[in-house]
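Scrolling down, you'll hit the structures one after another.
Paired with chain B in one complex and with chain C in the other, chain A is shared by the two complexes that follow.
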Partner chain A sequence: MTGRVRDLALHLLDRQVVDTDGAAVGNVDDVELHVPEDGSPPYVIALLTGPQALGPRLGGRLGSWLVFWSHALSRHSGADPGRIGMELLTDLGAQVTVARSRVELGVHENEDRARTYFVERIPGARDARR
Partner chain B sequence: MRGADLLGLPVVGPGGEDLGRVLDVRLVQDGPILGAFAALRIEGLVVGRRALAARLGYDRYDAQGPWLVAAGVARLTRGTRYLPWADLQLTDGEVRSQVADLGPVPKIA
Partner chain C sequence: MKVVLKVFLGILTAIGGFVDIGDLVANAVVGARFGLSLAWVVVIGVVGICLFADMSGRVAAVTGRGTFDLVRERLGPRAGLANLVASTFVTFLTLAAEVGGVALALELATSVSYLLFVPLVAFLVWFVIWRMPFEKMEQAFGLAGLALLAFAVALWQLGPDWSELLRQATHPSVPDGEGHPTYLFYAVSLFGAAMTPYEVFFFSSGAVEEGWSRKDLRTERLNVYLGFPLGGLLSLAIAACATLVLLPQGIGVDHLDQVALPVVLSLGKVGLAFLIVGFVAATFGAALETALSTGYSLSQYLGWQWGKRTAPREAARFHAVVLISVVLGAMLILTTLDPVKVTEYSLVFSAVALPLTYLPILVVANDPDYMGESVNGRVVNALASVYLVLLTVVAFAAIPLMIATKAGQ
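After this line comes the complex of A and B, so read on.
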């Protein structure tokens, strides 16, 4: 059986990830591969999102800067990127749809904290359309 | 292992000759079932020297319009080749092909 063919950079990286309500979750910044021990080809087991996935992909000073600040601002000591398991996907097309909300996924901790503690405290912010 | 770890890796032939860099990773959706879909399994690597032209994707599909753009990009990507996963070895910081002459990139239907 031959399945649908996609190229990683052309069809998957940088695609927008949305939840089932159409709300933006993030972008596909990288993918996690599982390498089977039997020597068969690796396959994608998760989409990675956020600066800790994008930084290493960009490389150079900009990539290091992204990873450093994301790590420094994080409440958790781990430097792992946001991870969305492939089993959560409901559609894989021009955009990627997942069966969880952004909050449930918890993949953008720093952005969510900035929204809660800074943006939403700006006068008039609560009146803005979400 | 991450997908982007493969992108940009230098590719060398059996005798150590330079074949270019990894421009893209060809995935086929026929791996183990993960949730609602079969997993995206790596089938091979797109190898070449012009990463920016390859990002447009003209080398992955049959010629499309506008013809002037298609012709120009086809010329820029004429050296792009395909390396099946079964014919390569991953070593420290490079991909070693077990064949010297790589075939053309299979077109996506």
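After this line comes the complex of A and C, so read on.
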């Protein structure tokens, strides 16, 4: 994926990230840029996802509120936003596909919590019905 | 043969699924007060919802993505969030109204206070979403909703002067004793009933749930352009029944009883039985759709796994949101707020919120980057632009009209 020139805002930000099984991992809420010291153009080294990344982009009081609470509720102290290195990207189209499952990515703390403490305790949570 | 059956079933489902508590209340209220002089609004509303559903269904089928996914991508996180909050508020209000509607229909059948049914209805709404496969769910309630055809049968049985009805419908005028603002306020309500935002979220997310692709576009068009107008005709039958029976007697509609009265008068108990089945199916079906829609919108905006294709544990936050919104909706109705009033307000706010999602969908439906060769055709685009102006005007007029007329009093 390296070396491609894209309009960041148009082709990357706010896109859906899906894993190898096609399951939703999150949105590209922000990106981590690397600015080379030799003055060449900056490039994206990672996608950031989750409330800690979305908060600053929303800005204002709501944004800081979101960051504060996701920090406060997070199990790791000083939690950073979920980070997906660009080297994991396999496709950049309408969706961003990454070459790991969402479990391996480990950017899924809130989903895991909702599952463990709430949804999975209801009978039938494991049955897929088509 | 199987294909024909599938298409036919899709159209029937669209007809039965078209009418919800908003259409039932708005059409009966308007028929009882203004006769068929507002029928033109239903026609405009149905054309609008056809356009909107066609565009969002096509976008969903081609890109495989739901409405709010695209709304955020197009508007950015801030404007997208404002949009999400407004739309979800309206959808939630509609959900509460539908839950109240099911309970009112059960009260009509049993004479037991609707409030006692609310917790049961809420549980069943959640349970069906939790356990029932998507397509079966849609078909079951859509088809059972066809029992509302009792309105059409009753209309025919009442033996009206058809030419007089047609004259009323084609020569709109404000009846004596009603002010222009009130007339326009009810026009906005009827419009909100025909074009409710959740219908679009549900339709497009449903297309993704059922795994539609480009090759399903023809079926999608048939469902929309045949099913919805026939559903609109059913709405007009409700208004016409109220026009014939309630208007001459000066009976206003503030309860589901009065909505049912014309059918009871002309078809008796059998008519009422059909009607109750239809009421329950239509409002219950819409409660499912609105509950799912709150989950769809929020999950799509935030990029969560959503939908009923997977086991609930795989879409944990989506199912949590659906469950919480059903509980909150039931609680709102349990405050003894009149469900019919909740419905009337939800219709006005629907009209306000519509352009918020309409515009981004219109933009994406024209973007070859997303749509390839399935972008809007010229005719659709011309009509869709006219509707963009119309929706914006209605959205700005809705709240001032509501205040000026004290919500149509």
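Rule of thumb we're sticking to: the second predicted complex is superposed on the first by the 119 of 130 C-alpha atoms of A that agree within 3 Å, B and C clash if a C-alpha of one lies under 4 Å from a C-alpha of the other, contacts with A are read in each partner's own complex, and residues count from 1 in each chain.
The rule is simple: a contact is a pair of C-beta atoms (placed from the backbone, for glycine too) under 8 Å apart; a residue touches a chain by one contact, two chains touch by 3 or more.
Note that this is a predicted model, so its numbers are computed, not measured.
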Subject >> Partner chain(s) touched by A:E111 [first = chain B, second = chain C, both, neither] >> reply: second
Original post:
Should A:V31 be classified as contacting the first partner (chain B), the second (chain C), both, or neither?
Top reply: first
**OP:** Using the superposition on chain A described above, determine whether A:R57 touches chain B (first), chain C (second), both, or neither.
**Re:** both
**OP:** Would you check which partner chain A:L88 touches, where first means chain B only, second means chain C only, and both and neither mean what they say?
**Re:** first
**OP:** Would you check which partner chain A:R126 touches, where first means chain B only, second means chain C only, and both and neither mean what they say?
**Re:** second
**OP:** Using the touch definition from the top, say if A:A72 reaches chain B (first), chain C (second), both or neither.
**Re:** neither
Original post:
So, does A:L12 touch the first partner chain B, the second partner chain C, both, or neither?
Top reply: first
**OP:** Would you check which partner chain A:T49 touches, where first means chain B only, second means chain C only, and both and neither mean what they say?
**Re:** second
**OP:** For chain A, give the residues common to its interface with chain B and its interface with chain C.
**Re:** 57
Original post:
Which positions of chain A touch chain C when the two form their complex?
Top reply: 14-17, 23-27, 29, 49, 54, 57-59, 62, 94-95, 110-112, 114-115, 118-120, 122, 124-130
Original post:
Which bits of chain B are touching chain A when the two form their complex?
Top reply: 1-4, 6-7, 23-32, 34-43, 46, 55, 57, 60, 85, 106, 108-109
Subject >> Residue ranges of chain A in contact with chain B within the complex >> reply: 1-10, 12-13, 30-33, 35, 41-45, 48, 53, 56-57, 85-90, 92
Subject >> Of chain C, residues touching chain A in the complex >> reply: 63-65, 69, 72-73, 76-78, 80-81, 130-134, 299, 302-306, 308-314, 316-317, 319-320, 370
